[in-house]
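Two complexes follow with subunit A in common, the first pairing it with subunit B and the second with subunit C.
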Partner chain A sequence: MLYVAVAAGAFRRYATYRAATAAGLATNTVFGFLLAYAYLALWQQRPHLGGYGPAQALTFVWTGQALLAVALIAVGGVDELQERIRSGDIAVDLHRPADLQLWWLAADLGRAALQLIGRGIVPLAVGALAFPLALPADPATWGWFLLSALLGVVVSFALRYLVALSGFWLLDSSGLALISALAGMFFSGMVLPLRVFPGGLADLAQLLPWAALLQVPADVLTGARTGTGLLRGLLFQAAWAAALLALGRLVQAAATRKVVVHGG
Partner chain B sequence: MSAGSAGPLIELDGVEKVFTVRRRAGRLRRTRHEVRAVDGLTFQVPRGEMVGYLGPNGAGKSTTLKMLTGILVPSGGRLRVAGLDPARDRLRLARRIGVVLGQRTTLWWDLPLADSYDLVRRMYRIPPAVFRANLARCTELLGLGPLLDVPVRQLSLGQRMRGDLTAALLHDPEVLYLDEPTIGLDVVSKATVRTFLRELNTERGTTVVLTTHDLTDIEQLCRRVMVIDHGRLVFDGDLAGLRAAADGERTLVVDLARQLPPIDGVPGARTVRVEGPRQWLAFPAGHSAAPLVAAIAARYPLVDLSVREPDIEALVADLYARGGAARPQPGDEAPASP
Partner chain C sequence: MADRPGGRLPVLRDALTGYALLAWMQVRSALAYRTSFVLMALGNFAASGLDFAAIALMFAHVRALGGYALPEVAFLYGTGSLALGLADLLVGSLERLGARIRDGTLDTLLLRPAPVWAQLAADRFALRRLGRVVQGLLVLVWSTGHLDVDWTPGRVLMVPLMTVCGAVIFGAVFTAGAAFQFWAQDAAELQNALTYGGNALLRYPPTVFARDLVRSVTFIVPLAFVNWLPALWLLGRPYPLGLPGWTAFLSPAVAALMGAGAALAWRHGLRAYRSTGS
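After this line comes the complex of A and B, so read on.
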């Protein structure tokens, strides 16, 4: 299948960026330690903050670091699409007998898979060695976590795809991309778990699509979501994924109908 | 066969493209401007032709190609390629055309060339036998064999260009669009690409539309030239016709037996230079040299002669400079020089 080959190609391509992966890995690990000590201090003051015990809070931190490159910042991925739209290289993509959104989704999944292996596993392992984490013993829970992380990547992609497509109308979509990335950091739970947010904000944040990027997968891994809670979490992610992908298709249709390919 | 296979492969009828651009006018105010990039183009390209598309920077060449491939929607007029409306049937048409943009690449930057071709095979669902045969042919003619395992980012511009040409042809497109395919290539690479394109057109019958600023491309490849300026067709015909249309002058160089005063009294020609026994006479490109030669031979001791065609660069520069003032009507065939 074409799109499987696209994903595999993206995987191989990101595998060639060894130095970047190593540097990112180091960053994730260092950040993990900083955040873990901050969380430890916080949870010593306020045990059971947001309903998490200290071990769960630490697990949340290291899951966040594991998914940072995969779904949050998504280094590479759709940034490149944004740049292609800006420079007009998108013309090449549009000449292909392939669906633009599926193509880039496939490429982003390939990238995410490489970054999960290259930049996800090690921080989580380091975290587990250095701190008492609440990691599941049950392989099924790991399976649900992977599924949830996959859905998170799809939601993340769909959001970034929309931002990138705005480049067809805006001369420069990098401002929007920055705002979107910051919103993503805050509302995904990367800074603090969403359940720790004050009252109304916590409820609101858990309805926004960014919650699908980290909050839900981390809750699945820490065991904060089981049974129907787990199911509801996955449905929440799938619903946002479907809605945002559909919106992306609408915008894509509008873009290719009315819009302009930059450059000669 | 597909619809429209009987008629011309490419048909444009009054095609327009108007861009709306916003410009700053004062601190906050912005004014909207209309740029007529393509302004009422009408032409047809039959199957199997190789057409050169010329024009100064900003004339609307790339914009025309983008409409032909369906990635830009025309603002007006009618456009058909292989019976399809490109903008509406972009994905369907994409299977039947090949596109090479000189300044951009379709190849996977960080992966070996062969990986890109494998992707092309899947994308166009090329049967394995066809794929193997086409790849073998292109790699041989373009000398890509040793490069298939090399990551694209390590290729030189000329190598990458040949790689892109191959990628555009593996699925046997009916028409190949090339936007400045020889830009930045050295003489050897240019020659390789030209030979390849000629073979493609004559042996395989692929229709080729190419834009270029290199007039040698046109001279060596295209029987038909279209010149566009400010989005309008200012010339459509063969090279000889272009020479005539541009009011170019041919030059008759005569060697006389001895040094003489400038040749005089030959109707339709004027002497532009004298150097010892050799004299240069200019005459209109549309005219034959024979009567001139006869008239000179009758009155002067003629030893030798040669005719020089006008320099095509100068002709085209002249056409551009006039900005299409002398716009031929569609179908207005310029007389070919004898």
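After this line comes the complex of A and C, so read on.
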């Protein structure tokens, strides 16, 4: 099937960027250590902050480093798509016998799968060797975590796709992409778990779509979400994924109706 | 170009003029898209501000981190951010070397009558990076107003001195990281571990980290001289490794050494460069 081939192609493509993967891995690992020590200092004074024990807080840190590249948490758009919209190459894509959104979603899932292997496993393993992490012994929890991470990638893609499509109207969508990337960093729990945010902000942040990127998958892995909490977390992610993908389709329809390609 | 008559001074002049001209051209082209420029500068300001927001959120739960109060952590944050921000503003574009090797445009720079390093550092000179500089400066100014420190002339002088030395140290890391890309073109992200990673490290007090980590950033990659050693002297705090007091004033020497090392690495890399010739 076409979209499987697109995903497989993206997977193989990212597999060739070995030096980039190794460099990213080294950076993720360094940041993991830094954040882990900072969190330790915090949780030594407040051992139950945000409902996490110290081991769970450390697991949160390393899960964040593992998912940073997978769910592109600190990225606000789809660079190549934005460039194609800006240059007008998008007109060629719209003539292809494939759906634009599904094509890019498939490519993003292929990329995420490679980066889960290339940049996800090592940080968690290093973290587990260097610190006492609260990793689940139960294989089912790992399965739920993978499902939750997958939903996180879909939500991340749906958001970035919307930002990229804004290029049809803005021409230069890099400003919006930057703002969206910042929101991703802050409201995903990457800089600090959302449950540690002060009162109302914590509640609000956990309702926003970015919570699906890291906060929910990390809570599944650390065991902070079990039973109905787990189910509600996954439903929350699925709902945002469906809503944002649907919105993406609407925007896509509006954009393709109005597309005017510059130049001759 | 070193054998040109007149020695090194004209080379340095060429480098500075070339850098200034290219940088000014980039600034003018960026200002042509005023809204985009303002948005990106604000974005840079906010991106850097988020890091401080995280620290502020932590201090909503505790009085001190690693034994350091908020103004002290803010002082570390401000000096580190300012040093990195200045280095990133002035030479951060060097990280695009790998991309220029890949698409073959490095060869164009080799033909121009100005040092490649200066051309590359000025390439895509982005004034919007002032966002980080301004943010670091604001936090630094706020912290100095809240610190319980006797501001002797020596302490006051130490702040600009450590900022300049810190910027040179980070600039050396940017240069060495770029030089490494002569061999590994895709490895641009690796230096982030030392630049942005270093910044993330230096904003927390050294007491937070394991001894081995503190040792390695003091003796192996001496990022600790950007702000930890001089700032702890200024704050009247002991450095965890029990180093003698005069080491707090070593930052200029460390900056000079790292600059020289990075320059050597750069020359070596540039000489080893073979164009694909396509």
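As a working rule, the second predicted complex is superposed on the first by the 254 of 264 C-alpha atoms of A that agree within 3 Å, B and C clash if a C-alpha of one lies under 4 Å from a C-alpha of the other, contacts with A are read in each partner's own complex, and residues count from 1 in each chain.
Basically, contacts are C-beta pairs under 8 Å (C-beta built on N, C-alpha and C of every residue); 3 or more make two chains touch, one makes a residue touch a chain.
These numbers come from a predicted model, not from an experiment.
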{"item": "Fit or clash between subunit C and subunit B when superposed on subunit A", "value": "fit"}
{"item": "Which of subunit B and subunit C A:172 touches, first, second, both or neither", "value": "second"}
{"item": "Superposed model, angle subtended at subunit A by subunit C and subunit B (C-alpha, nearest 10 degrees)", "value": "90"}
{"item": "Which of subunit B and subunit C A:182 touches, first, second, both or neither", "value": "second"}
{"item": "Subunit B versus subunit C as contact partner of A:207, first or second or both or neither", "value": "neither"}
{"item": "First, second, both or neither for A:96, with subunit B first and subunit C second", "value": "first"}
{"item": "Broader residue contact with subunit A after superposition on the shared chain, subunit B or subunit C", "value": "C"}
{"item": "Touching partner for A:42 - first (subunit B), second (subunit C), both, neither", "value": "second"}
{"item": "A:12 touches, of subunit B and subunit C: first, second, both or neither?", "value": "first"}
{"item": "Smallest distance from any CA atom of subunit C to any CA atom of subunit B, in Å, after fitting", "value": "9"}
{"item": "Touching both subunit C and subunit B, counted on subunit A across the two superposed complexes", "value": "17"}
{"item": "Interface residues, subunit A side, partner subunit B - complex", "value": "1-2, 5-6, 9, 12-13, 16-17, 88-89, 91-92, 94-99, 256-258, 260-261, 264"}
{"item": "Subunit A-touching residues of subunit C, taken from the complex the two chains share", "value": "33, 35-36, 39-40, 43, 46-47, 50-51, 53-54, 57-58, 60-62, 65-66, 184-190, 192-193, 197, 200-201, 204, 208-210, 213"}
{"item": "Subunit A residues touching subunit C - in the complex, by the definition given at the top", "value": "17-20, 22-24, 26-27, 29-31, 33-35, 37-38, 40-42, 45-46, 49, 172, 174-175, 178-179, 181-182, 185-186, 191-192, 196-198"}
{"item": "Contact footprint of subunit A on subunit B as seen in their complex", "value": "19, 58, 62, 66, 69, 71-73, 87, 90-92, 94-95, 97, 99, 101, 104-106, 108-111, 115, 118-119, 122-124, 151"}
